[in-house]
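Each of the next two complexes has chain A plus one more chain, namely chain B in the first and chain C in the second.
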Partner chain A sequence: MSGNYFVKRVGQAVLTFFATVTLTFVLYQMMPGGPAEALRNVILQQQMGSGNTIDPARIEQLVAQYTNLESDAPIYVQYYQYMSSVFLEQDLGESLYENTAVTTLLADRIPWSMLISVYAMVIGYTGSIVLGAVMAFKEKSRFDSVSSVVVIGLNSTPYYVAGILFIFFFSIRNEFFPTGGRVGLGVEAGFNVAFMQSIAHHAALPILSMSVLGLGAALTMRGNSVRVLGEDYLRVAELRGLRNSRIATQYVGRNAVLPMYTQFMIGIAGVLSSSVIVEQIFSYPGVGMLVYEAIQVRNYPVLMGSLIVFTLVTVVAILIADLTYGFIDPRISAGGDNE
Partner chain B sequence: MSNTETIFEVRDLNVTFQMNRGQSRVVRDADIDVARNETLGIIGESGSGKSMLASSFLNAVVEPGVTTGEVTFYPEDGNPVSVLDLSDSELNRFRWEAVAMVFQGAMSSFNPVTKIRTHFRETLQDHNRDIPAGMDRARDLLESVYLDPERILDSYAHELSGGMKQRALIALSLVLEPDVLVLDEPTAALDLLMQRSIVTLLRELQAEYDLTLVFITHDLPLLTKLADRIAVMYAFNIVEIGTTDDLLYNASHPYTRALLDTTPDLNVPVDEMDIIEGSKPDPVDQIPGCSYHPRCPLADDHCRSEEPAMMTVRNTQESACFYYNQAADAVPISAAPSHSPTTDTATDGGDR
Partner chain C sequence: MSNDQEGLETLFDADIDREPVPRSQRLKRQFDLYVAAPCRVAMTDWRALVGTVIVAVFFLMGTLGVWLVDKPSSGDAPVLEPPFQNFDYILGTDTFGQPIGAQLIHATPDMFKMVIAGAVVSVGFAALVGVVSGFLRGTTVDTTLMSITDIIITIPGLPLVIVLVAIFQPESPYVIGVLLGLDNWPGLARTVRSQVLSIREESYVEASQIMGLSTGTILRRDVLAQLMPYITVNSALASRRIIFESVGLYFLGILPFTTFNWGVMMNIAYEGNALNRPDMYHFLTFPLLTIFLMSFGLVLFSQGMDSVFNVRLRARHASTIDDDGGHE
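Up next, the complex of A and B:
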């Protein structure tokens, strides 16, 4: 039964991924001045600047090389060409401006984005769980009401506002942290303390701005905990004379955190896309910044490539959430039955 | 009750809650003794304070309730324990080791994300018991409540039926060998057959493990099959207490008599069923005098001005009524209570 569910769920994920890539491809192609058109214009402009002439066949060849597409072939042929190079050769094409493969660009940038987003999520969620639990235990106290207001306020603030305020206070007014970049100039790259410190120093503000506003989950945790505190099994646990530490972790903690697990996994999916704005503010050269720059110059291969990677991360995160939920909540283990 | 040993002694017990509109007293100056190895039934309508009385045996009245008075537990050997004065850690040891409680939320009494085995194990662990020996005992207990131990221990609560959960909870309540088991409406959510089998089971367990049972319910016919003595609660206090036979054949408080008269009988159509006229009193604005006087046919000025103390009706029976010897004439019981052999036969006959 569970093996069947596994196959079914993975199948769904693959289908979702495939469908998303297809849809994106079609949408990009249908945009006025689609990828091939844009590239052709770039080449023509360069050519006029240099004063040389170039024959149309050569342009077609270049277009095909950069985008993996024969721009004058029918759309289904182009689609077939693109999909086969993406899925069979893991080739996402080449950037229009840098003569670098899109896969290389992404591989360079993704670890940096992962660094700030994963830390931001872990810090944000840990803070939320602790804060939410304390709020629930002190329900209706002054601490509870003040924190609720603060958290709702933070939750409704777009994180770029926090980012700008952080830069203003911690980088410009007081020069605690750099305003941008990911490592200091002249720091030797490699596995050494100075390099690590520099990375942490540069990543601190982006992480902080994302995690502070991620505290919204504290309200969810608070609500879950208050609900669990009113459950019969909690009263029975107290009547059974169990240790308070066990009741707090095994009973309240576990049952309150459970519903947040899916939320957390879906949050991972949002991590890369939310990095677009954060990285722009902190001039942090991660994948978000790559996307932002690509949008500005219509660098379609890069856009398509990063979109495919974002989709992949999303689909995989949700797949993992689905497949592992049964392990952490036994009530879900029969998952596939009632679909 | 003079020649039996007392295991629980409750004196001047009050349970109060502070509310916006004033203080709510949900148990008022209650006195009760529980004898070792007896089955004491506590009966009363919803909101009469019976669950609160039961919770105070473990000093487990929910926050922000305040319990005052004296609750003394007499262990078989050792010094008396004043339950309300225990520190938190002493209370944690007292609960489940001396007194266990199975309460009405049995359907959701188990942590949904851990197996039944974990519930037994963590209970043993937190009370510093030997785990292998304790788990053996758990298996014996599960067998004596007619469950398959290995299957149950490896299950999660959601995989069991209501009756199985209730029986597993009873087994769990006995794993530390408590002297007293308090059952707060343990059969409330079960069907009639399951109710009966739980009652039979409790009788067997009581004999096997030398238990004292305190059984709280609003189901009088069920109680008459199980209890040695019955305490009747009305408006946050005990109004009558006596042996089951005392109350069934010689009830001497008008409320007890009215309660017996209203016991549903399958042979009587619903719209002809008797009810007690009037409504129950408010826990905040309590009336002077006897709390039952607005609904009592015997009430006079004396009842309206002074609250009756418990009067001794006979050796085994007490009643909080000035006119306990007139109650039988004033409140006649029309139908025989359904416990009696004749009614039982008639009911069963109707089913056939």
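Up next, the complex of A and C:
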């Protein structure tokens, strides 16, 4: 049964990825005038400076080089070529400006985005789970009502507004943290303490502002915990004389967190998405910044490549979460499908 | 009301000889149950009250406000006038001499257009997919719909929207709203589906089936009525999300600057280094506050609606339902 589950989930992940790559192909085709026409203008502009005239055949060739699309071939041939270059050659095309492969550009940036996204998720969700649990435990107390209002307030603050406020208070008014960049000037790269510290120092504010995204979960956690606290089995556990810590983690915690699982999974995509705006505010050179720069100059191959890679990361993250979920919730691997 | 329902009422009513309720009486009862009682519940719940007031103020800004306040243009007033000094431009002016208050007001209608287009499309689509898939559980339709939903859940929304915006350069607020709503529906569709699944198991749905009511009637009367709270609450949350994302995209300068928008103002202020210039603080602060207030209002509204839709609370506040006649 669990082998079946594994195969099903992996199959679903592969299908999702395949669908996204197809989607980028469709998007190229949906560009006004098709990919060749859309890119021709960009290429002409770019070649204008070099002074040499280029013939249409050369443009065709360049378009093919940048996007993996041979725009004069029939559509199914184009589709086959595009898909095979992505899946078989891991080739996402070439940037219109830097003369580098999109995959190289992305590989440089991805670790930095992952760093801030993963920490933001962990901090945001851990914080909200703990806060929600405490709020439920002290239900109807002053702490509960005050933190409810605070959480609703934070929930109404867009993460980029939080980012701007953080920069203002922690970088400009008080120079606790740098306003941008990912590592200090003159810090030697490598596995040494100064480098690590500099990275953490630069990543702190982006991580904090992205973790605001996860805070809405505190109210869900509070609601779930309140519901669990009223259940009969909890009373039984108390009567059995179990230790409070065991009741809190094994009984309340576990049953309150499990229903939030889907929310976490959708959250993975959301946190990665938000990096586009957050990285621009903090001029943090991750994939989000790359997307931002690409959009200014209509660097379509980079845009499409980023979309593909963003999806790949999300698909893998959700797959891992999905497969490990069976360990936490035995009902899933037992084949129950009543979400 | 339909015929079969009247038939059922006579079937299950103990005193058949009772006078039929006059039409005006019935309308009054329905008004009490569906309009007056929710209002009374809302009055007792501060979140619903504050949320409704905030949303209503924004609505007035977008309708009356636009009509009362002239559209701002460059050079209307001195450049970078500080706030609360001059009554004509109470929130001060920006670097082009446009009054900030007037800009905030004139950005509201487009915001509402985006929100309405986005929320209607995403919530409507989610409800449709969720209900159909939940009711046809286990069939090919269900499997196909849910596979598509799972795929779209996984694609990160903002990068996709950015690519779409880059290609199509939409200017109409309705189109922008729909694009932003696109990545919003799958999560809700899943929630609706699981709600439908659990409602289907309820005994009253089974009772309706045994009584031979058509699927359409059951869907409308038993299922949709139960789903309304979720749909309303999620519409408010979807609106908040669309506001966040559209303002964010305007702030980044990715959406074309064709209209007044809070995000455009933030962009101009931020790019103008407002964080380091005390004379520009108000230019950045007021748009920030506006976004915060609007989403605060929507979040409160959605939470307040939770209690308004609570059947027990509503019954307690309805004056046409006898207190002593219940079977508590």
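Criterion: the second predicted complex is superposed on the first by the 320 of 339 C-alpha atoms of A that agree within 3 Å, B and C clash if a C-alpha of one lies under 4 Å from a C-alpha of the other, contacts with A are read in each partner's own complex, and residues count from 1 in each chain.
In the analysis below, a residue touches a chain if its C-beta (ideal position, glycine included) is under 8 Å from a C-beta of that chain, and two chains touch if they have at least 3 such contacts.
These numbers were taken from a predicted model, which means no experiment stands behind them.
Visitor: Following the overlay on chain A, give me a clash-or-fit verdict for chain B and chain C.
Guide: Fit: chain B and chain C sit side by side once superposed on chain A.
Visitor: Have a look at where A:Met30 lands relative to chain B and chain C in the superposition and call it first, second, both or neither.
Guide: The answer is second: A:Met30 touches chain C but not chain B.
Visitor: Is A:Val118 in contact with chain B, with chain C, with both, or with neither (first, second, both, neither)?
Guide: In the superposition, A:Val118 contacts neither chain B nor chain C.
Visitor: Have a look at where A:Ala107 lands relative to chain B and chain C in the superposition and call it first, second, both or neither.
Guide: neither
Visitor: Go through the superposed model and pick first if A:Thr311 touches only chain B, second if only chain C, both, or neither.
Guide: In the superposed model, A:Thr311 contacts chain C only, not chain B.
Visitor: Just to be sure I read the superposition right, which of the two partners does A:Val10 touch: chain B = first, chain C = second, or both, or neither?
Guide: A:Val10 contacts neither chain B nor chain C.
Visitor: Looking at A:Asn155, would you say it contacts chain B, chain C, both, or neither? Reply first, second, both or neither.
Guide: After superposition on chain A, A:Asn155 lies in contact with chain C alone.
Visitor: Scan A:Val130 for contacts with chain B and chain C and give back first, second, both or neither.
Guide: Once the two structures are laid over each other on A, A:Val130 reaches no partner at all.
Visitor: State whether A:Arg240 touches chain B only (first), chain C only (second), both chains, or neither.
Guide: First partner only.
Visitor: Counting residues of chain A in contact, which comes out ahead: chain B or chain C?
Guide: Between chain B and chain C, C touches the greater number of residues in chain A.
Visitor: Can you give the closest approach of chain B to chain C, taken over C-alpha atoms and in whole Å, for the superposition?
Guide: 12
Visitor: Where on chain A do the contacts with chain B and the contacts with chain C coincide?
Guide: No residue sits in both footprints.
Visitor: Under the stated contact criterion, what part of chain A meets chain B in this complex?
Guide: Of all residues in chain A, those touching chain B are 231-233, 235-243, 246, 250-251, 254-255, 258, 328-331.
Visitor: Which residues of chain B touch chain A in the complex?
Guide: 58, 60, 62, 91-97, 100-101, 103, 105-115, 122-123, 126-127, 156, 158, 169, 172
Visitor: So in the complex, the part of chain C that touches chain A is made up of which residues?
Guide: Checking each residue of chain C against chain A gives 47, 147, 150-151, 153-160, 162-164, 166-167, 187, 190, 194, 197, 240, 244, 247-248, 251-252, 254, 266, 270, 275-276, 284, 288, 291-292, 295-296, 298-300, 303.
Visitor: Using the touch definition from the top, list the residues of chain A that touch chain C in their complex.
Guide: On the chain A side, the touching residues are 12, 15-16, 19-20, 23-24, 27, 30-32, 38, 152-153, 155-158, 160-161, 164-165, 167-168, 172, 262, 265-266, 269-270, 272-274, 276-277, 280, 291-292, 295, 298, 300, 303-304, 306-307, 310-311, 314-315, 318, 338-339.
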